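Note that chain A is present in both complexes that follow, paired respectively with chain B and with chain C.
Presenting the complex of A and B:
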């Protein structure tokens, strides 16, 4: 078996005897930017469904994707040394992300809670409830961005 | 509620009366590159676990993330007009992706099958079985890349 993608192209190496993949700072930034951007696509899909013709299956797929990314443990990608640097683009994480740990935990926890709830509500197919939950979830995205993501 | 991220920054607009978000070609390319790159991170995590110290919970998170991305319906991001263009970087999708639809369906279907199986196997916590399934899943990634993704 040749696993070319991650080990060659992304140059992730494995420390002997360690379960922790040694990720280059620029790859960590790229991975987290990818996770957030992938969630953004899925947010736009839910938004389009609750403001247009509702497709239960599409909303379930989108909500499950957001939930899985939210629960994936992306905090591990905010490694020391990744407060500056360029992944797909220069990181927009503010210095406060590394200094205000308690607040980061609060806004992150709120996001996870609402993402998990979004998946549950999506499964019911209740478009009105999905629209309400979408608002609550989007608010948690905004709360984090307002505090910890630099404006362009 | 202000949903700033996707609607402002990514400029996704909604056609009146349509459930289909009108995605700009460059955003569609960026979204799909994000999905694949996010999966790559999670593949490296599983690889690190089966070749180092095994952490059942981390493998479950990673496998669930891959599964949800695989099942999210990313085919919708290969819109007409996105065979060329730049998202995070110029697309590396080959022209064959749009002409060899049957083969795309086969390799995509194989990938989805193995991604779903990966999540099931991860849930058991059986490291040896996860290692085997990781090999099968990675093979489906490589198969698609060999046929449809241009080398750098």
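Presenting the complex of A and C:
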């Protein structure tokens, strides 16, 4: 009986372990910083295109990259206790990120929605619509930064 | 000296005042809003650079009451004003403190804003002159200091309303027409067309410098290698 229980517990923990790989806190911070930095690069690409000569393919690549990162489940990288710590640089995630879960869900959800929409609009190649959607997307970045990213 | 109409604020000073009020309002609204409006935040910021530079020159070559030396709030003047013994036109010593405070605060705000970034896509036109870390820190400072700006502007507006309502001395009309009724003093002189031209040239140079268009362009991005479709 005890053996069976132990076996069950072991298999559960193995299953859990395979679904979500264990990550060291500093790695988690690095991964999420990389994700946001990568999205920043793609945001500047779209920005450059709507404020200069418009290249449909460039914008599609950038928008798809943002959409992919936005839907990659980066929430998993915000391990408990990683409001402190250093990845590539000291994290700027505020402790509120872990205490105001409902608000995190709202701003995160809004970001995902606009990122998905961004990819859709980019596919049309309509520069004016892309510019407008870009503004809406950037606003969702801003909303999260205002609440959950420390100003140094 | 009898009571009369006195010309206190020349046209340049009045234009400066209202344009600055508009530009600061625009900068605050777009800055708080963020996102795509950061482009406009930058434009308002550059206008403020030009206006501040203009006012700095005008404080030396402008007409009587626009000159810094005329209203510089020495401790003696502030003390006399506190005891109700100060007599004069133009900025009173307490108002002068507020003027210098606002000008200095705005100078710090544009300086930090010019090298700041919004962590999304927008960065100030001179951000390349500093490291990203310094840019981040100055951005945080810029945002923190905006609270001091709200406080000083609120104080300024409340003080103007106080003088208008309680002391029955409208400060708003003279800032529109330039003339003050029932005043004692000499009308403003000086600040002619040459002085104006000098101030405008300095202001334009300041905006040019702050706009960063003189910075060397970054090298063009290498042609992207076609990625195979995995």
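Convention: the second predicted complex is superposed on the first by the 134 of 152 C-alpha atoms of A that agree within 3 Å, B and C clash if a C-alpha of one lies under 4 Å from a C-alpha of the other, contacts with A are read in each partner's own complex, and residues count from 1 in each chain.
The definition used in the following text is that contacts are C-beta pairs under 8 Å (C-beta built on N, C-alpha and C of every residue); 3 or more make two chains touch, one makes a residue touch a chain.
On a predicted model such as this, the values are computed, not experimentally measured, just so you know.
Trainee: Is A:103 contacted by the first partner chain B, the second partner chain C, both or neither?
Mentor: Touch partners of A:103: none, neither chain B nor chain C.
Trainee: Identify the partner contact of A:43: answer first if only chain B is touched, second if only chain C is, both if each is, neither if none is.
Mentor: Both partners.
Trainee: Kindly classify A:35 by the partners it touches after superposition: chain B alone (first), chain C alone (second), both, or neither?
Mentor: first
Trainee: With both complexes overlaid on chain A, does A:94 touch chain B (first), chain C (second), both or neither?
Mentor: Touch partners of A:94: none, neither chain B nor chain C.
Trainee: Between chain B (first) and chain C (second), which does A:56 come into contact with in this model arrangement: first, second, both, or neither?
Mentor: Neither: A:56 stays clear of chain B and chain C.
Trainee: Look at A:138 in the shared chain and tell me whether it touches chain B only, chain C only, both, or neither; answer first, second, both or neither.
Mentor: both
Trainee: Tell me which touches more residues of chain A here: chain C or chain B.
Mentor: It is B that touches the greater number of chain A residues.
Trainee: Counting contacts the way the document defines them, which residues of chain A are shared by the two interfaces, the one with chain B and the one with chain C?
Mentor: Shared contact residues on chain A (touching chain B in one complex, chain C in the other): 40, 43-44, 47, 51, 89, 134-135, 138-139, 141-142, 145, 152.
Trainee: Please output the residues of chain A touching chain C within their complex, sorted ascending.
Mentor: Per the touch definition, chain A meets chain C at residues 40, 43-44, 47, 51, 89, 131, 134-136, 138-139, 141-142, 145-146, 149-152.
Trainee: Can you tell me which positions in chain B touch chain A when the two form their complex?
Mentor: Per the touch definition, chain B meets chain A at residues 1-7, 9-10, 12, 14-15, 17-21, 23, 27, 30-31, 33-35, 37-38, 40-45, 47-49, 51-55, 58, 61-62, 64-65, 67-69, 71-73, 77, 88-89, 134-135, 138-139, 141-142, 145, 152.
Trainee: Can you check the complex and tell me which residues of chain C touch chain A?
Mentor: Touch list, chain C to chain A: 33-39, 118-122, 133, 136-137, 139-140, 143-144.
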